[in-house]
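In what comes next, chain A is part of two complexes: it sits with chain B in the first one and with chain C in the second one.
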Partner chain A sequence: MMTNQGNRISQGQFSFLPDLTDAQITAQIKYALSKGWALSVEYTDDPHPRNTYWEMFGNPMFDLKDPAGIMMEVNNCRKTFPNHYIRVGAFSSVQGVESVTMSYIVNRPKQEPGFGLVRQETEGRTMRYTIHSYASDKPEGERY
Partner chain B sequence: MAKTESSTMKEGKERYKSGVIPYKKMGYWEPDYKIKETDVLAMFRLTPQKGVEPDECAAAVAGESSTATWTVVWTDRLTACEMYRAKAYRVDLVPNTGPGTDNEAQYFAYIAYDIDLFEGGSIANLTASIIGNVFGMKAVKALRLEDMHIPVAYLKTFQGPATGVIVERERMDKFGRPLLGATTKPKLGLSGRNYGRVVYEALKGGLDFMKDDENINSQPFMHWRDRFLYCMDAVNKASAATGEVKGHYMNVTAGTMEEMYERAEFAKSLGSIIIMIDLVIGYTAIQSMAKWARKNDMILHLHRAGNSTYSRQKNHGMSFRVICKWMRMAGVDHIHAGTVVGKLEGDPLMIRGYYDTLLDTHTKIQLEKGIFFDQDWASLNKCMPVASGGIHAGQMHQLIHYLGEDVVLQFGGGTIGHPDGIQAGAVANRTALEVMIQARNEGRDIWNEGPQILADAAKWCSPLKAGLDTWKDITFNYESTDSPDFVPTATGSV
Partner chain C sequence: MNNTDESNNKPDMVVLADDAPVNLEAEFEASNVKEVLDKLDRELIGLKPVKTRIREIAALLLVDRLRKQFALTSETPTLHMNFTGNPGTGKTTVAMRMAEILHRLGYVREGHLVSVTRDDLVGQYIGHTAPKTKEVIKKAMGGVLFIDEAYYLYKPENERDYGAESIEILLQVMENNRDDLVVILAGYKDRMDKFFHSNPGMRSRIAHHIDFPDYSANELLAIANLMLADQNYHFSPDAEKAFLEYITLRMKMEHFANARSVRNALDRARLRQANRLFASASKLLNKVDLMTIEAEDILASRVFQEGKLDSEPAGVKRP
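Let's turn to the complex of A and B:
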């Protein structure tokens, strides 16, 4: 168990709030669509803070403008990977941005073991740090 | 002001006779001047000395900030002097000043400079002309640089922000909300070990960044290496505890460039993602650190220490928006740019003008924000504004309303001063932020419903409740000294 405020990984826009309901997730999807952004669903069982590339649950949905349809993809992903971390992202293709504009977690494993900090003592008092995910000691697919 | 005929003397023998002639006649006043796409433009607010005509005064500013000296020199004739002369091309009376008002007459003077007057990629060279001798000239009683237009050709000679807002967000893996930070307090006196404690607690509680204060360098109570070592332990421990990328702005400001590079290298060797410098190190040192930061994958935070000595008073000095422009060119990733609602100076529209200057890809003339020129930013990275000084969770709706989401909100006292401890303070701030972004995205009117949205969240988040109870009545309602000259509807004087 993690010892921070929510006993959970706090990546994304809304990790300090109670888990979002489907209606709340849909409201955020609507906001992204109103801005012209493409929505995406991604999942992982390796939530290391610098693991940038979560698995894509299909390509970003550039042509799907129906919040209910996107919510259906979210739920499909949850059904397929009930014990993974799942996040909804939004992408803007506007010049000067061309990057992610939203990202929030919509599914988590029941137990979140979190990370250990490995300290390697080197010259003088200098330290090298490695953030180690306890879950990733197990093989892919058996982590949570 | 109605266009007057140019009174420039013709080139030739008469013009270069030894002696003193008015700047206007020397070719520094050209009301019919056609602005070239490559010209650098500057707009000054001038208060002429008694008896000096405003257009002569403007010509004097143009002269002294380009080629002129007080007397005629024949050596001008060896050069393409007409090109090198800056041209004052427009003078307007500032609204609400002059005859019929209680205020001394002030004028907006527009001046054009040929691009060949400046060395590429050097803020020091640009500023040595534009704010050099000219501010001490006797003919002007007071002078203030209000805004500048930098042509694309000249902008392209500058690196721009080492990292930029977009890449900073990608590296931090934080999108769609303001970033959260805090300055370690007390500013002075903590040992390295005690200092790192504050950093750890606040980052674990939910902040993205912690920060050294501008005057934390290497003093007897805490030498810089100790601070860096303890802070990096705190950063990494908090990162492991939350699963998030975190950072601490290591202030590498020091007495010499060599010393600053040494501190920056050490921060890098410890795995820090961000370092910090103060404005007082000077433009050239800032550009050097920006190059270093680009080369070393480092985010570069700039504290604007010292700026209020010349940016705050409205009649003399320079506007902070010009500093924002120069610093975006110089290449910093963060700059303190005002809070509107906190303890430091700031009119809402003026501050929005600074934020636009830092973040836009193309800024339009907006007189009500004090922006007097169009500015194409030529794909220079965006620079993240930082709001710091006397802000707290109870103002979250106002902060998001005024400042938007591309900003670092820094709650120093508002985190560390929380009655239930530093972690609780950070939880309060992060929760207030997330709940307000959620509400905004849901289409709620956060300006009016904000206090209720926070009160509702405080029902399930006790640290937020304690924070709101502590700071609910804290506001800093003083009148701004640096306010716009034009009301939002003004269009007449464009």
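Let's turn to the complex of A and C:
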């Protein structure tokens, strides 16, 4: 965050770059499909860089051949949650990997209020620091 | 954010001058379509109307490609198809080829065929159908979605049937994602007509209605020869004559399923050939013996002896 320009959350791949265009997203999906990975679309409005558990938008998509199907889901998700964070993940089922191998944000809220620094006093004069998203002060679903 | 600017999506196209010559022949050669069409001619016997239509589609797509070089844009043609015909007339086989042809012509991106029936599209409880249908559609994107026995999708006698929901989703995708997938429906003629009658939206969204004619006896013989060659068998000259006779008799009987019946008859002939070879175990066999189907392997069929189907148990009298 501190190294990132503005209040943009950085998580996953490409998040320090300008937003990916649809053509670039399609190209990334094509790469994942060529590796035989299963793609999924996820969304959240709880923007902490360490929040890795996002909500699934539909089931992960196995056995697809063409990016068009995944782009369709991405666009559906954008239509349903225009002001949420949306990411595309690619899951590799190769033995020994068996985890998400790609993950990048494909949609952001129009306004990202950013993070504040929270100080906590503990034993002695020790200070603990953490960050807190201004957006998450509001209840879920009303944040953006 | 959601960049919808298409210009950086496509490679730069050089627009040719108005009087620049283009070579249709060269384009035809480059697309490898000739190879596929020749293969189609060679491996699919008969089916005149089908081949003509495939040629027309290939020509249209090639001409479209040339027109693009002059920046003459036209809407992408709708290529959803409907194959009707009696059992065993090659609907599925042609659908498989179609995927390859469309891929060569650059109309579909991947060229795979996803073959489904009602079971794969329609769910068992409320809310199950839409995700199921969508999943199949997503799998078929970039290729061809082949729905066999499509009339089962719609069951008018049960108003709580979920098939209608599936049809609705299909219609939507057929209209909106024309660039992404080609839908081919297949089924028997009368039932498909009934299906379209109750789903007029489906009929109008399908541009090509292709009827598969029944084969003649000689065409079926040619098919049999091809099938045998594929499995490294061949007829002896006598056997060929006998088989033609067999086909002529069999065509008049009930449950005749064109090429499928031929395949079954050949499978049984192979059984009898093996049995015959076994009976003459004392003799040393050579390669030709193992490959040849003799007349007696065919003539042993019950179609000749009692005028009955082989699949029926012996001694059962038919009404």
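Keep this in mind: the second predicted complex is superposed on the first by the 135 of 144 C-alpha atoms of A that agree within 3 Å, B and C clash if a C-alpha of one lies under 4 Å from a C-alpha of the other, contacts with A are read in each partner's own complex, and residues count from 1 in each chain.
Everything that follows uses one rule, which is that a residue touches a chain if its C-beta (ideal position, glycine included) is under 8 Å from a C-beta of that chain, and two chains touch if they have at least 3 such contacts.
Bear in mind that the values here come from a model prediction, so they are computed numbers and not experimental data.
In the superposed model, A:Ser93 makes contact with neither chain B nor chain C. Residue contacts after overlaying the shared chain place A:Gln111 against neither chain B nor chain C. By the touch criterion defined above, A:Met61 reaches chain C but does not reach chain B. Of the two partner chains placed around the shared chain by superposition, neither chain B nor chain C is touched by A:Thr80. In the superposed pair of complexes, A:Asn7 makes contact with neither chain B nor chain C. Contact with chain C, but none with chain B, is seen for A:Asp19 once the two complexes are overlaid on the shared chain. Judged by the touch definition given at the top, the superposed model places A:Gly69 against chain C, while chain B stays out of reach. When the two structures are aligned on the shared chain, A:Arg125 is found in touch with chain B, with no touch to chain C. The larger set of touched chain A residues comes from B, when the choice is between chain B and chain C.
Chain contact summary for the complex, chain A toward chain C: residues 19, 21-23, 58-59, 61, 63-70, 72-73, 78, 107-108, 110.
Against chain B, the residues of chain A that register as touching in their complex are 2-5, 9-11, 13-18, 24, 27-28, 31, 47-50, 52, 89-90, 95-104, 114-117, 125-129, 131-132. Listed in rising order, the residues of chain B touching chain A in the complex are 166, 169-170, 173, 175-177, 204-206, 229, 232-233, 236-237, 239-245, 269-271, 361, 379, 382, 423, 427, 430-431, 434-435, 437-438, 441-443, 460-461, 463. Residues of chain C that touch chain A in their complex: 1-5, 8-9, 109-110, 112, 131, 135, 137-139, 141-143, 177, 179-181.
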